[in-house]
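Pasting the structures in now, so scroll down.
In the two complexes below, chain A is the common chain; its partner is chain B in one and chain C in the other.
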Partner chain A sequence: MIRHLFTLIWNRRRANFLLVTEIFLAFVVLFVVGSLLVYNQQNYQNPLGFEYEQVWRVGLDPGTQPKAERLSTLRQIIQRLRGLSGVQALGLTYSNTPFTDNHNTGDVNAVKGGHKVEVNSYWMEDDIRDVLSLRVLAGRWFDKRDDASNVPPVILTQDAQEQLFPQQSALGRIVYKGKKEFRVVGVVENFRGDGDLSSPKPAILRRLTAQDTSYVGFFTLLVRVRPGTGAELERQMTIESLAIGKGWSVGITPLPEQRAAQLKRVLTPIVAMVLSCVFLVVNVALGLFGVLWQTINQRRSEIGLRRAMGASAGAISGQVVGEILVVTTFGLMLGLGVAAQFPLLGVLGVSVGVYLTAMVLATGLIYALTAICALYPSRLAAGIHPAVALREE
Partner chain B sequence: MLLSYLKIAWKVLLRRKFFTFISLFGISFTLMILLVLYAMFDFTVGPQTPEKRVDRLLFINRLGLAMPGSDATSNPSYSFLERYVRPLRTPEKVSISTAGGSTVAYLGNNRLDLDERFTDAEFWQVLDFDFVEGRPYNESEVRAATRVAVINESTSRNYFGTARGVLGRFVEIDGVRYRVVGLVRDVPATRRFSYADVWMPITTSAEDIRNPDYLGSCIAILLARRPADIPAIQREFAQVVAGAPVPKLGGMAFKEVRVYAESLLTATVRDESNEHGADAGVGRLVGIVVGLALLFMLLPALNLVNINVSRILDRSSEIGVRKAFGATSGTLIGQFLIENLFLTLLGGLLGLAMAAGMLHLLNGSGLIAHTQFGINGRVFLGALVASVVFGVLSGVYPAYKMSKLHAVQALKGGTNV
Partner chain C sequence: MKATPLTPVLRLSEIEKVYQTRDIETVALNRVNLTIYKGEFVSIMGPSGCGKSTLLSLMGLLDEPTSGTIEVNSRPVESYSDKELAGLRNLKIGFVFQSYHLINDLTVLDNVELPLLYRPGIGGKERRQRALEALDKVGLSARTGHFPSQLSGGQRQRVAIARALIGRPEIILADEPTGNLDSVMGEEIMALLLGLNQQEGTTIVMVTHDEQQARQTERLIRLFDGSQVG
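Showing the complex of A and B:
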């Protein structure tokens, strides 16, 4: 039966060529959009590795103040802000705070000149662990002991440890970043500061203190505030900071707000794409429906003859649905051939599992869609009365 | 002749309403999406307030210091622009402003996020803002670092609770009080070189205008006397840049300063791509966008082709009669193309209306601050062009098929396809 259907369609391949092309294109569109959705959904499921509610980012721009004076002003501001009653914990960091789309990436390796691992670098003062509620899995967090060490300390995330020292503990080992050496003092949970939908990327945390003079152009603080505090504390922090830093400017943003803004930025194009894709699919479905309907009208005499020869209504509607599913299969085979190139060539740069899931999803969706589109025309075909159809001839 | 074709087309459309609905649905949605994108493009880099004279404007917004294997790119600094751009002889006027930043104003215990921009006095002459009240600040106010500000209507509403009569009142930004001297209509955030909520004299900013580094956070906008002067200005600027000494930065021995005066489109693309080579990537971007648009149109076009083929088979006896009475293939192809163009133009009109609604929704959603997207002459023209392209794209193959029908078989109502 199925062989027979394939032969039927193959014999009419010129007439079905357009339908096959359309299904092929619809599949490719669904596959690409599906890959992106599956990819983002997988990223979203990974834990962030820190807590952002009740955390504010404070950006401090020293403006035109001479560079030599900036650090002491900063230390005074930090001290004053720590004293505020609404502030629970506060630490200095660099401007690549979570959800900002600022990145600081670089390569590190476990052996000089060895296999490189690209990581996100974060600089954190000792108190940042309390601000972001980071969880230390092994070793320890930065503390006063690091002041005296001549090899600067570094903390790896779990995935950085796994990639740099597979199956081993990184504690006490040295990692290299260019010519610089760092000693691993601890391992924390995976830290995804780039945001909810970012791809997983290993990270290293470096220690920062308010004595560090290497970069004084712009300062960033992360502050954990008491629950329930709002604009009043924010305003107080601004006033207190500006009272100490004359000519400085202050920008305070709650991390939940930054997260919402980032999600909006990332999701808007995705939503637009999904909407366009839905429109294309609906369009294809309607078109398919129309074409099938028209085909049934043209094949009335053929169907009438089959009914007269004793074919049941079920057999007729089965044939109509079967035929369109065979056409779909031809289109899908072409589509899967193209889709298979994506993981082979690494077009979108996502893992093979994502592509496979998207392929299965797109295939299922296309089959379901064509079957639904064929349902009504097939009922129509089954309802053709042989006597009426044959007399028209 | 044309009229009778159109009459036939209309009758055909009415005869099979379901098919007409499918066709119009596909056409209008496709064109709507393309039109929304085109309108957004036009409202980002087209001649709109405040860059009304966009064909006479040049922008300098990125400066790259390059050496083999390494480079640094940022906005140019105030001092670089002051030293090398301000003295140019070919432009009519040069304006220097900051690239924009954000700040927070507090109203009691409420916070108000404001985008700020510090500019010189020429900024207001190079660009055409719509002043509702008051005036821009002038040169002497900029020189004296007077604390005055121009604000937009939204800020006025949010800060003072009224969109009129705020001249002479004060806004407090970063602990400094600025007197409002002018009120302008909102500028969409898509205008990245002029947009702000508050504009203030550059001399009152925290920007270090005496810092001799090349890299900073400013931009320059140049106004040419005539559109034809643009190449001359670019040549003069290239000469000046070639003569500028290459600075040292953090012990790196840079070989080349790369900075260009460019149109709004190129400068916007460069701002986004952060490219510092001579080619900002506009050509590549246009190629990708046109390719994607065609690809996007392909599926609805194929769909329409499919439906059109079905429609023609439905009309085979009509075609048989026409052929039997001596109509040539060319005539039939022409008739069918006109019918199809009629259909797509109808769809284009629908698409235009839907696009207007969509843009209205976008404006209301506040996705991008202060947007006033809408349909203008250029977008309308775009709709027309897209409809025609779509009509031809989807009409040629069915028309060809139609002309190949055999008169005898067609008369019988049968088909040979």
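Showing the complex of A and C:
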């Protein structure tokens, strides 16, 4: 019977051309959207590598204060804030804190002039480990020993270690960033500061101290607060900061709020795309349904004939569904041919596994959709009275 | 080779068929009693609208009588499920229609194979073999790859007969098989059916308007206004 269905559909290929084209296009759209959804879903499932609950971002803007005085004021503010009862841990960092869409990327290599690896760079004061609950996998975190170091210390994420030193330990090794050299003192779990939907990217963490004079513009602190603290601590931190930093301004945002805002920002276009896709799929389904309904009406005498030849109502119903699944198979074969080019050409920049998952999902969805669309017309076909249908021609 | 016409293949007892619409009740068949014996060639005649095709539909198990009993091989069919009736049609009955009812998108060979698609246990190779044999019987071995649109009316009807034969049915029901053909073609088809009946013992029931053709059959049943008149 399967061979018969293929023969029938192949012989009716002109009549089925538009259906095949429609299914092909629907598959390609579903595949592309599916790839992006699978990619984002997989990213979402990956651990962030840090804890953000009970962590606040404190932005400190020195305003017009002379640059020479800023670090001293900053150190006083940090000291005062550390003394507040609601503050568990506090550290200085740069503006690319988690969930801000603020990136600092650059190339590093393990050998001067060797293979470059693009990494995210983060600057962190020693206490940031406690603020973000970063997990050290090998070596150590920054500490006082690094004060005397001739070569500035860095900590690599796991991915960065694997890419820079495949199957080797990075501890004690030198990495190069431009002309600068850094010594690896530790390796931490992968850190995805770009947020839940970002792909894991190798990162290096550089040490920052409140004595660092290289940047005295806008300061950023990350603060771990005790559970249960809220608006009162926020108010207190603002008052204390402004009492020391005359003319400074302070902005405090909890990381969970920043995360929610970032998710909303990132998800909005994705949701719009999914809605467009759903709209398209519904249109395709309605089109298929209409075409099948019309086809059944045009083929009443053929259905009557098949009943006379020994087809049961169930066999007729199965044939209608079978035919649309064969048409779908032709459309999917074309679609899969196109989809196979995506990983080969690296069109969306996602892994092969993502493409394969999207292919399977889109294929399953298209088959399910066409089968569902064929169900009612197939019941109509099964209900055709053979004696009446044979007399109609 | 002709079988002695003693074994009943199909028996219709007190058959009534009434078509009911909202306003009108039309009696298509009225208390028809009829037995078809193995190896017979029976023709059914009557004016248009007298119930010939309805009778053939009932004999072909394509329709159900309003009252009365149809027996195939001495077993009443009213208790059969749709699936069982489909199986009976497939195994025991071959159909030939006035307008051929060939599927235009299938080749001659594929059209002839059609009944065997619905018979479990027959593989593609055997189907093909039997289709070729059936086409050989009707003299169309050279046209297996043609499509119906490439054939004359007579050739199309031969294909339809080959399709009716492939399942080796106990009875062939032919509804005006020469109705759409010119006299020469009609005679060819009639000769083919007579040959099948006389040489192979195939039981045939044929609806016809042609008195001359009806006279060539063993038994003639006349219908008038749904009732059997001869």
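Note that in this section the second predicted complex is superposed on the first by the 393 of 393 C-alpha atoms of A that agree within 3 Å, B and C clash if a C-alpha of one lies under 4 Å from a C-alpha of the other, contacts with A are read in each partner's own complex, and residues count from 1 in each chain.
Simple rule for what comes next: contacts are C-beta pairs under 8 Å (C-beta built on N, C-alpha and C of every residue); 3 or more make two chains touch, one makes a residue touch a chain.
What you see is a predicted model; the values in this text were computed from it and never measured.
K.L.:
Overlaying on chain A: chain B and chain C, fit or clash?
P.N.:
Aligned on chain A, chain B and chain C fit with no clash.
K.L.:
After the fit on chain A, how big is the angle at chain A between chain B and chain C, using C-alpha centres and going to the nearest 10 degrees?
P.N.:
90
K.L.:
Go through the superposed model and pick first if A:8 touches only chain B, second if only chain C, both, or neither.
P.N.:
Touch partner of A:8: chain C, not chain B.
K.L.:
Can A:386 be said to touch chain B (first), chain C (second), both, or neither?
P.N.:
second
K.L.:
Going by the contact rule set out at the top, does A:55 touch chain B (first), chain C (second), both, or neither?
P.N.:
A:55 sits against neither chain B nor chain C.
K.L.:
Compare chain B and chain C by how many residues of chain A each one touches, and report the one with more.
P.N.:
Between chain B and chain C, B touches the greater number of residues in chain A.
K.L.:
For A:223, decide between first (touching chain B), second (touching chain C), both and neither.
P.N.:
Neither: A:223 stays clear of chain B and chain C.
K.L.:
First (chain B), second (chain C), both or neither: which does A:279 touch?
P.N.:
first
K.L.:
Check the residue A:311 against both partner chains and state whether it touches chain B (first), chain C (second), both, or neither.
P.N.:
After superposition on chain A, A:311 lies in contact with chain C alone.
K.L.:
Now for A:19: first (chain B), second (chain C), both, or neither, which partner does it touch?
P.N.:
A:19 sits against chain B, while chain C stays out of touch.
K.L.:
Closest pair of CA atoms, one in chain B and one in chain C, after superposing: how far apart in Å?
P.N.:
11
K.L.:
Where on chain A is chain C touching in the complex?
P.N.:
1, 3-4, 7-8, 11-12, 301-302, 304-315, 385-387, 390-391, 393
K.L.:
In the complex formed with chain A, which residues of chain C make contact?
P.N.:
Answer in residue numbers: 53-54, 57, 60, 62-63, 82-83, 85-87, 89-91, 95, 97, 99, 101, 103, 105-106, 110, 113-115, 117-119, 124, 163, 167.
K.L.:
Which stretch or stretches of chain B touch chain A in the complex?
P.N.:
18-19, 22, 25-26, 29-30, 33, 102-104, 106, 109-111, 174-175, 206-208, 296, 298-300, 302-307, 309-311, 313-314, 367, 415, 417
K.L.:
Touching chain B in the complex: which residues of chain A?
P.N.:
14-15, 18-19, 21-22, 25-26, 29, 61, 63-64, 230-232, 234-235, 238-239, 242, 247-252, 264, 268, 276, 279-280, 283-284, 286-291, 293-295, 297-298
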